[in-house]
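Structures incoming, each one as structure tokens.
Each of the next two complexes has chain A plus one other chain: chain B in the first, chain C in the second.
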Partner chain A sequence: MIKILIFFFIITTLHASDTNLESKIFKNIIHAIVQKEHPTIYIHKKLNSLSNHPGGLNISSKCEDADLVILSTLKGLPQKCQGKLLFGSRYSHLKNSNVIGSFFWQKGRPNILFYKDRLKKNQIKLDNSFDKYIEK
Partner chain B sequence: MKGLFLILVMINILFAESIDTLLKDYKQESDLSKQTKSESAGNLVVFTRDDLERMQVETLSDVLKSLRFFSYQENRLGQADSLNQDPITYYSKSIRVYLNENELFSPIAGSGLILFGNMEMDFIDHIEIYEGFPSFDFGVEPATMVIRLYTKTAKHDEGGRVKAIIGSYGTNKQNAYYANSTEDLSYFIYANSLKNNKEQYEHDNETLKKDRITKRFYSSIENDNHKLELHLLKTEGDAFIGSIVGNIPQETSEESSYASLSLNSKFIHDSLKISLSYLKINSNFSYTYDPLKPVFIPLDHTTVASINSLDQNINEESFTASIKKEWEIGLHTLSTGVQYRYKHFNLTDVTFNIPTPPITQAYFREDIYSFFLQDLISLNENNVITLSIMNQIYDREGSVKNPNTLQLRAGYIYTDKAYISKTFLSRQEFASEPYMTISPHYGNADLKSETYTSLFQEFSYKNEDSLSKMILGYGYTKNLPILSSAFIMENSDEKIEAFTAALEYTLFFREKDKLELQASYVYVSSVYQGIEDTNHYNYVIRSLNSYLKFDIFNELIINTGRSHIDSGYNYSAGVKYQVNPDFHLSFKGVNIFDTALNKRYLNKFSPTLNYVEVPTEDRRFFLSMEYLF
Partner chain C sequence: MFKSFKVGKSFIIFVFLLPFMTLISILIYNEYLNTKEKVFSIIEKHLINKKVTLIKNYSNHLNKKLGMEIQSKILNNPKVCQKYEEELTLLQGDEIKYLYLLYRDSDKKFRFLLDATANPKDKAETNQKFDTLTDIWNKAYTTQKVQITKQEELQTLWITIAYPIVVNGKVLAVLGADFTYNVYKQIVNTLSPMEEIYLYVAIFMSIMLVIAYILIYLYYISRKKSFIDPLTQIYNRQYLYEFLQTASLENYQLMMIDLDYFKSINDNYGHDIGDFVLISVVNEIKSYIRDQDLFIRFGGEEFLLLINGQKSDDACSIAERIRESIQEKTILAKSHKLSITISIGINLFPFYAKNIDEAIKIADEQLYHAKIAGRNSIAVSREKDMKQSQTSKRISDVKEAIDNNRIRCAMQPIYSAYTEEIIKYELLLRLIDNEGNIVLPDEFLPSIRHTQVYISVTQIVIDFAIEMIVKNDYAISLNLDLQDILNEDIMNIFKSKFENRKELSKHMSIEILEHEEIVNFDLIKQKLSELKELGFEIAIDDFGSGYANFRYLLHLQVDILKIDGSLIQDLDKDKYAYHIVKTIANFANDMGIKTVAEKVETIDEVNTLKELGIDYLQGYYLAKPSFDYE
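Moving on to the complex of A and B:
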């Protein structure tokens, strides 16, 4: 029993690479938005961090099955994704009012940004740890 | 079983990293140097973006001055020349400087440290320095040291920054950059204006100055496969003691303009790289001497003239094309490349205060054809062997020697999670660079290529709290270019031996603090008969501490063992205050106690040797602010 706990502790605190950490941040955000144990996401078009470290997520090849669409680009977004919850990976993705938030690099540091009105419109309540990343 | 699951979930929640911590760790782990550095390419020193920011690095010389073995020095004109052998104007042809994939170089001087060793670092993300005759796939010609500068890009730096700095002697700098990206393209634009004023020194009733104004523009535009870069530079200022030995000039000036355009493309999963680049440099040097204190210049190798003024224009132009391909075949990573470089230079436009016969130049054009083949053999997870061969064919216009130089390099690298051992054995030939062969002052078109044979061994051990390194090197040089007693460049008959040793220890503590200790030793046997051997010792103690909103930097560089020069103690310190994430104020002092190592320059060799001695770095203080938007 103790061995299992120690193993679990080590696994959860292991030093992580940048793609692994990026994936962890995305997963935290996805869980906060979708609030399901195993959310289903669709990646448009390419996001190595999540594709390589999907643990705990179902990555669907069909947009219509997804709880949330993660964007690497807005270009060529399938018609079937319209109406789905969209989350960006660039600051510029937020220009599209259907994108509820984004995780992106700016000014030399990683940032997370949600817009309050867009969260409200989609009836999403994030936990308190995201308060500082919500713009009113 | 259900109970166990609940406990595990609770522990996981308890120890799960908060989003704030994850973002902080992610920023650190995403440092771009982790993606660009190559451990197998040489003995590596990395200055990460975090290092550069917390050390308040303003110019490249700020990091070169603490480098093991050969620290930063300037030549007679106040230009960067870390291997300086005064009174030869430039001796660092084997130190190659790159900005991203493009070499920054002067066609006539052989490499770019002379123009870019003092470059401001405000648009640079991180610096990698490869010592010990590094890998051949970096460039067209061989190197003893490669300095790779990587610019900021829109990938991490979308948005903009403005920065202003004021400092001692009226120094001031203003610069701004802006980066943005669209779905298909990203771009980065940077502009800088620097007035870099330094201490003035009196000698023989004349004033020696090194003040300089530099304006720079850099921009890049890129997509997934192509990157186009434009780099413009204009600089004007004093030329310190000037290139001529004999008397101290009353006035000196140097003006240079540099323009380069380059295109780098990647295909087939980045395994095929094609680069094209063009550069043009115009320089003007002028010296004026007291009519009662003229200097003598050689009109040819047998006659000299007494002059009171000199005005020289130098034009340089170059085009470089390269294609490199990499294959992974079983255990082998094979890379090969063909590179071509065209150079044109003209330094015959010289006028003196008296009529003199026109200066002749042995050749104006040089074409270099270079080929390399490298095999990185991954024997298993821990053991790698690297084998490389490179050849250059120099085609020099006119009836001068056309060097054909060969480089061979073998390396063995052992890595596991804690230990790294690197062994590099190399034999390299360096063609005489144009300046030493065609200089009107001491050029010799018959100079032969010099050869270097070297063996470097590096051991490093890393654990969670520390990194320890030991680097040992032995090498010998034949045909080293030296200045003869007749003041003409010639190849030394001596076999010149060198031994280097360095010990380094870095302690990481608390969240972001680190303490670095370095000790290095260099022995070089005498270049001239009757002159003593070189025995240099360098020590560096550096600490970087972060406390609340403050980043504090302390650095002591001790240089001892230089003949006829007192030991130098260069203490620098700085503090950076983060008013908020977007607004920072900084204060920094360099050579605070005015006890840094001095450098001697030959003023007169008759009737007795007379030198000018000045610090390698002046005591200066800087106050700066930066705002990100």
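Moving on to the complex of A and C:
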């Protein structure tokens, strides 16, 4: 019984630390893109890291109110979200040219990727610290 | 805190051996952890070296096949890429989670050339950017040497190897290999069972140590309690013997202190006030003694005080101060103003006694003299009192027997020679020792004679006689030494129990036995008269032998003559014995005095005694003494 409890504790702790890290990275990216103190975001489908640790973000249930739309999938994206800034959570999301960038896990490591032309098209100027994540 | 404490073997084991073993088990556990780290390090190094060798071989293979064009051939030709990715997959093995080939572009960003990852969700595309968390990749490029790092931040990866592929002195790519965290867990799991065993042993020993110390503490507390008298909070008699195992009497003088007429306080005011008086007296005495003295409640209202000091004046002056202080003290107990006095017997040289019991006996004898002298006084032992008693049973044995209810009375019936019916029982004092053996009075009475213990024993016998009269309606015959009836305490017991209770005393005969020649016949006559006034029959025991002779009959009002057993035993063989018994019987008959023959052991003796007109018969032939009272 004690072993089961310890295992459960370790798993939840590890999971919590992963989602916590992911949430922090997301928040840095969102603040860099939106450049507001309290950006409003809309999460398409479900993204536990941000839902559980929203921090200084306003999470809206309406896409039209959002400064930025965070995607967990591209499928079923509401019509109202068209024209909004889209940011992905998988490498594959970048295949959609409306997605300005993506944050995803690959090889157990966090990866961030922006396309320069998409940023320019949306008149987004990121901080210099993001340069190494921007692809030409 | 105890003045002294005897340290046993188990105590040494608890205090020294157990902590030592606990320390050893902790050291073993610690040593195992160090060894485990070393073993872990060796396994880790072995695994890395094995993989580095494999990667090195494959690097040579790539070098040979692709050479300087490694980047362009892979980037420009998907089939080449696919072929080498398949080769890379074969190299991967179970312990490597990710195996990939990177190159550094002109912006110094790392990009994938090959990726052996099978999972399509985790597989990188060719030329996809690779975000580096550590600088091992750049180091591999600049140093052209293999770089190894442990992934502290990533939870699924353990160790990452960056192996530079050098062609013509230039690094063209870096082979990356991520060891899965599972490998680390496998090694840990392999080594853990032993660690758990050592850990459990260390924890077990630590818990045992804690329990042992708790037990020692509890033992110490309970042992301390067992040595403290709960009422007065001073040491009890058991502690005296514990104390003497580690201390010598050489530097001590011994006092026996007894509260005068304490029983009357209990009888008149109740035991609560009696207890209060005891506590008050103890506190008063404590204020006159020092830490180095030993004050013990020896039993009831009797105390023993060991004064530390070699000058004989020490004990005497302290005793006098204590006596005066108690005499002047008024004890206020529940609206009663009480005064009490104490008697003190002092043994100035307890060290000269054979043992503590002898030393106490001497002090107790002095206490007896102090009581005889009228109480509220002090008696001090002289040098002649130092001679040791030769009696086999010590005063403490008798005290212990009293406390443990081992002072008993056997009863032997006395028969009517005419009706052959039991007319009374003689009480015979016995002590049951620790082993359950019956000890006869000759073996223990001499050691307590002239002490307060003797009075206590007499009290027990009298109480038993009353119980037998009341409970079983028996007539009882009780033995007293002639000196006993001169003892005021014993006479007071008889008066307190039988005064105005002739319904009891008429069932009781007192057999007087004489150890010394009577000097003051008038005093004896007076005491015997007092006993007769209380309603007792008076018998002369062992008549016809020793001091017991016809003079009694001239001076004393005797009811019964108990003919000495030695005359009865020689009745058939010795014509002089026969004639003496015949003369006694005739004389007694003429005087109206009843006769008892004791130690009757044969039918011939019974018949002869009947012929001689003896009234009562007693002896083994008729019935042995028994503890069966019903």
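Convention: the second predicted complex is superposed on the first by the 118 of 136 C-alpha atoms of A that agree within 3 Å, B and C clash if a C-alpha of one lies under 4 Å from a C-alpha of the other, contacts with A are read in each partner's own complex, and residues count from 1 in each chain.
The rule we apply is simple: a contact is a pair of C-beta atoms (placed from the backbone, for glycine too) under 8 Å apart; a residue touches a chain by one contact, two chains touch by 3 or more.
For clarity, every value in this text was computed on a predicted model and none was experimentally measured.
Engineer: Classify the contacts of A:Ile25 with the two partner chains as first (chain B alone), second (chain C alone), both, or neither.
Structural biologist: In the superposition, A:Ile25 contacts chain B only.
Engineer: Is A:Ile112 touching anything from chain B or chain C once the two structures are fitted on A? First, second, both or neither.
Structural biologist: Touch status of A:Ile112: both partners.
Engineer: Thinking of the overlay built on chain A, is A:Thr73 touched by chain B (first), by chain C (second), by both, or by neither?
Structural biologist: Only chain B is touched by A:Thr73; chain C is not.
Engineer: Applying the touch criterion given at the start, work out whether A:Tyr91 contacts chain B, chain C, both or neither, answering first, second, both or neither.
Structural biologist: both
Engineer: Once the two complexes are aligned on chain A, which partner has more residues of chain A within touching range, chain B or chain C?
Structural biologist: Of the two chains, more chain A residues are contacted by B.
Engineer: So, does A:Glu135 touch the first partner chain B, the second partner chain C, both, or neither?
Structural biologist: The answer is second: A:Glu135 touches chain C but not chain B.
Engineer: Give me the intersection of chain A's contacts with chain B and its contacts with chain C, in residue numbers.
Structural biologist: Residues 17-18, 91, 106-110, 112, 133, which sit in both footprints.
Engineer: Would you tell me which residues of chain C are touching chain A in their complex?
Structural biologist: Checking each residue of chain C against chain A gives 97-98, 100, 109, 117, 122, 124-125, 128-131, 133, 151, 154-157, 178.
Engineer: Of all residues in chain B, which touch chain A in the complex?
Structural biologist: Contacts found on chain B: 4, 7-8, 11-12, 15-20, 22-23, 25-27, 29-30, 34, 49, 152, 155-159, 161, 181-184, 581-582, 628-629.
Engineer: Within the complex, which stretch of chain A touches chain C?
Structural biologist: 14, 17-18, 91, 106-113, 132-133, 135
Engineer: In the complex of these two chains, what residues of chain A are touching chain B?
Structural biologist: 1, 4-5, 8-9, 12-13, 16-18, 21-22, 24-25, 28-29, 73-75, 90-92, 104-110, 112, 129-130, 133
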